[in-house]
Amino acid sequence: MKIMRKLFLVALVLLVALQMGFAKGSSESASESKPQTITLWSGYPEMEPFYKQAAEKFKETHPNVTIEIVSHPLREFEQKLSATIPSNTVADIIEVSVYANQKFIEAGLIPEDEGEVLDFVKADGRFSDFAIANDSYNGKIYGVPLFQGRTALYYNTDMFAEAGITEPPTTFEEMYEDAKKLAKYDSAGNLTRSGHSLRLSGQGSGVAEKFWFVLYPMGGTFIEEGKTAGTYHAAYNNDAGRKALTYYIDAVYKDHWDDQKIKHDAESFELGQTAMFFRESWVIGDIASKAPNLNYATAPVPKDARWGRITNIENLYVTKASKNPDLAWEFVLSLLSEENQRWMFENVGWLPCRNDIDISDIIERHPQFAAFTYTDPDYDEYGYLPIAAFDEVITKLAERLVTAFLDSSLEGNDAAIAKTISDAANETNEILKRYNLYGE
Amino acid sequence: MKKNNNTIAVPLKRYISQTEKKKRIFVYCSIIPVIAIFAFVRIIPICTNFVYSLFESTVVNPTQKFVGLKNFIELFHDQLFLLSLRNTTIFALFVTIFSVAIAILLAALLTTQSKLSPLYETIYFLPVITPMVPVAVVWKWIYDPTYGLLNYILSWFGISPIGWLVYPNTALIAIIIMSVWKIVGYNMIIFLVGMRDIPETYIEAARIDGASSNQVFWKVIMPLLRPILLFVFVISTINSFNVFTQVFIMTSGAQGAPGNAVRTIVFDIYENGFRYFRTGYAAAEAVVLFVIILLLTFIQFGISGKGDSSKKKRAIFRKGAVK
Amino acid sequence: MKEYSSIWVKILKHAFLLLGCVVMVLPFVWMLSTSLKIPSEVLSWPPQLIPKTFTLQNYVTVFQTAPFVKFFFNSVTMSVVSTVCILVTSTIAGYVFGKFNFPGKNFLFVLTLATSMVPLEVYMIPLYMQMVKLSWVNTFMGLVAPYLIMSYGIFFMRQNIMSSIPDELLDAARIDGAGEFSIFFRVVYPMLSGPSGALAIFAFQQTWAAFIWPLIVTSTRDLWTMELGLGMFQYRFTVDLGPINAGSMLSVFPVLIVFLFLRKKIVRGITLTGLKN
């Protein structure tokens, strides 16, 4: 009977499902002699080859340990952490930035560095003060810096030669003038090549982060510490903030060397639709695969009132949920070995955080990396403040900036620009007040 | 099945109570397991989340501090929320109307086909099953101001290039068009099923009575489709108020649409809940969204009437009186 | 005159349908084309629909990067179990809600409808906590839990049942002495082949495309579905277009096949033999 056949099919499927239901994903065991598994979650799928080769090396000295690497697309990764960290169902090791992890650190859900790990992190000359400060909270240090994203200027050498520019710009004024010369238009006056690709649109905090590339050298920043330690307030409601916004507005509406209507960012650079842009070192690998014939070079970020570039540090943490924390930390420290760090730099393109390893030969082989490792006593490093409110502050600022960049009426209108900046700063302060972090 | 034309042997009262009893047993046996699963995977987590709306949350504890209706009051002063509400309402209105209207048209056109119909049905269903990533990339290209397909076609009519995803007012329209495109095949299938459920005999009966194609469509098919129509309207409304993925993906990256122009409620909930970790506040927002959708659904049910058209079928059948 | 206008109508009809087809199919064609392109061509602008150099490397990459065969198997199992469960629960509940009266019926129906109004993003964290309590994290049951039932399914079946199954038919069967379960299996269920087919494809597609829930509930890769696997080609700042489109093609085919298989069912419709009584 047809019904019987169908019922049988249904029962079969359910039986299979039940059997699978009792099959779990690989689990960890507590005893030393049995095979053990350490799980590592990453938010950077391109790092997977790095972890895999490190895991294989680790297995040579630890034959009964399996390292399971799971990499996730980043924004979903943050949602996953939100579910798994508070419920203690998270992996042994997580690779995440302070920016994403800060709220968990502040809630006491991440264990602090101790013993051998703490010694490793604090060793002389190993990590910069900036990195240590980035990973600190309330006098304790959390996690170990794995790699960093530093910004530099990418520029198209063919286009520069064609425009008669021999050197990359060293100041923002020079960059503005260069961009004017490098921009190209069609017969109808539409921009076909931007002189420099600014970040004018998009969701999230990206627009604000890229705005910082200009804001910081001009002398401002998003938030700074107030008179009382542990309090903060908006730090861009000043000449620097207004100058930075004016820079963007003039670029789009006065001299028109950038425009929302054309392509931006790495894609645009690879297609030859822009002459310059600011980005981290991962673009080098991207260009090598997607636009291998592109003639380009890199240079440090230009100066203005001061000089600096963003550094974003990505850390490894061992979580409270780990049943083998000692083993997990061992693997973490192995990932920080000179050998592994060099592999990461050469094959993935992210810059190691360690200052005490030798990567000069790699830089010789790939000269574009030089701009990212360039140091100078005046060349500051700045980055995300390790406070939970930071994300909301810059995300809301980004949304205001996108709207401002679409407003042609701001051009030449100092009063309107000043108002835009002060409104944004007020919102920043309101957010800080909500987090009980506000202080002049 | 036995087709028995004998008169009822059992006394009427006892017959009724027997059948009622059988009915009752059947109902309870079948509905209880379903409701049980429901309670577990939907009702309990949803209610839990709604309870959170009365609290101010921290990372560790969603129910850190009871604050009653404070979240709701803050919500109605929140510019971002109000913006999301406006965007979502406009989005839902247009997507629902267009996707339903076009779907009915398509279904009507396809019921009269027989040979090419399978091909058309499959092709129109493709957008529904195509994953969001390729969809987003292609549509970002279609909307590109300089090289995009849409501006290219518009240029044939002498219209100058429009920055679809660049400016706030056009960005919303752009995403509405894309969303209608993605969902119209889904609605179309539902209407096809509904239309094909109407037996040929009814349509024949009406034609024999002298009805034109138009009249057949509006006076026979549409009334019988009412429950289906209600269904499609309701789920379209629900789905478009809950829109998230396409907005997220079209605004991401360096070429993304201006975030606030297309900010929707669920996106706002996501940001408040997962970015800023204000679980209680996000839950309050979810409650408000839920109430809005619930109200709209009730209104649609009210407009539609009871929705039981099998009676209508009987009436039409009797009226048509197959000769 | 009549013939003349009807030819024009036919042409117009076909033109409209064809235009629609082109628009519908465009992303699919682009997806196929990109899956066969080499990296430097992927980025060409304006986009070329036909690759200058064909390559199958992207497909190879997909299989090399991760155990996509296992992911495929997981997706299939999860979707089939979910579809079967949804069909069974929706049909029974739709029938009960549509053709019976009992205390609390309207309330329960509104409740099921209401729960469909809340998107998964809103309640997935509390649901996850329930999974933790049951130790269903990183298990198949945890993976498939929210997909065992579909409120729309119940609503859909109810509407279809109310629209196409006359009360008289059921009463006639009852008068004939048939039990309720018998009526359901032998009268109602066979009449629902069209809606069942449609519901099956909807349920299958929804579960197949699930992303955020499988991502949250799995801790290791052996329970990953194809959609999760595809996400791995979405890097931090770029999307690896070649492999992700190759993977998308592989992911779309099963759903397409299920659709083609069920399409006949959806189209066949029903014959009202019962009414001839």
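Before moving on, here are some points about what is shown:
Chains: A, B and C, in written order; residue numbering restarts at 1 for each.
We adopt the following convention: contacts are C-beta pairs under 8 Å (C-beta built on N, C-alpha and C of every residue); 3 or more make two chains touch, one makes a residue touch a chain.
None of the values given here were measured: they were computed from a predicted structure.
Ranked by C-beta contact pairs, the top pair of chains is B-C. Distance between Cα centroids is largest for the pairing of subunit C with A.
Mean C-alpha positions place subunit B and subunit C at a centre distance of 14 Å.
Chain geometry summary: the mean Cα position of subunit A and that of subunit C are 36 Å apart.
If you average the CA atoms of subunit A and of subunit B, the two centres end up 38 Å from each other.
Multi-chain contact residues of subunit C, defined as those touching 2 or more other chains: 45, 124-125, 129, 186, 234.
Across the assembly, subunit B contributes residues 273 that each touch 2 or more other chains. Contact of a single residue of subunit A with at least two other chains is seen at positions 79, 82, 263, 266-267. Touching subunit C in their complex are the following residues of subunit A: 3, 10, 13-14, 16-17, 20-27, 39, 43-46, 48, 68, 70-74, 76, 79-80, 82-84, 87, 89, 91, 263, 266-267, 270-271, 273, 282, 286, 289-292. By the touch rule above, subunit C contacts subunit B in their complex via residues 13, 16-17, 20-21, 23-28, 30-31, 34, 45-47, 89, 92-93, 95-96, 98, 100, 102, 108, 111-119, 121-127, 129-130, 145-146, 148-149, 151-152, 154-156, 159-160, 162-168, 173-181, 184, 186-187, 194-195, 197-198, 201-202, 205, 209, 227, 230, 234, 239, 241, 244-245, 248, 251-252, 255-256, 259-260, 263, 266-272, 275, 277.
Of all residues in subunit C, only 39-40, 42-43, 45, 77, 80-81, 84, 88, 124-125, 128-129, 132, 137-141, 144, 185-186, 189, 211-212, 215-216, 218-223, 231-238 touch subunit A in the complex they form. Put simply, subunit B touches subunit C in their complex at residues 1-4, 8, 19, 22-28, 30-31, 33-35, 37-38, 40-46, 48-49, 106, 109-110, 117-118, 120-131, 133-135, 137-139, 141-142, 147, 181, 185-186, 189-190, 192-194, 196-197, 199, 201, 224-228, 230-231, 234-235, 238, 241-242, 244, 266, 269-270, 273, 279, 282-283, 286, 290, 293-294, 297, 307-311, 313-314, 317. Residues of subunit A touching subunit B in their complex: 78-79, 82, 86, 103-104, 106-109, 190, 192, 199, 201-204, 206, 260-268, 388, 391-392, 395, 398-399, 402-403, 406.
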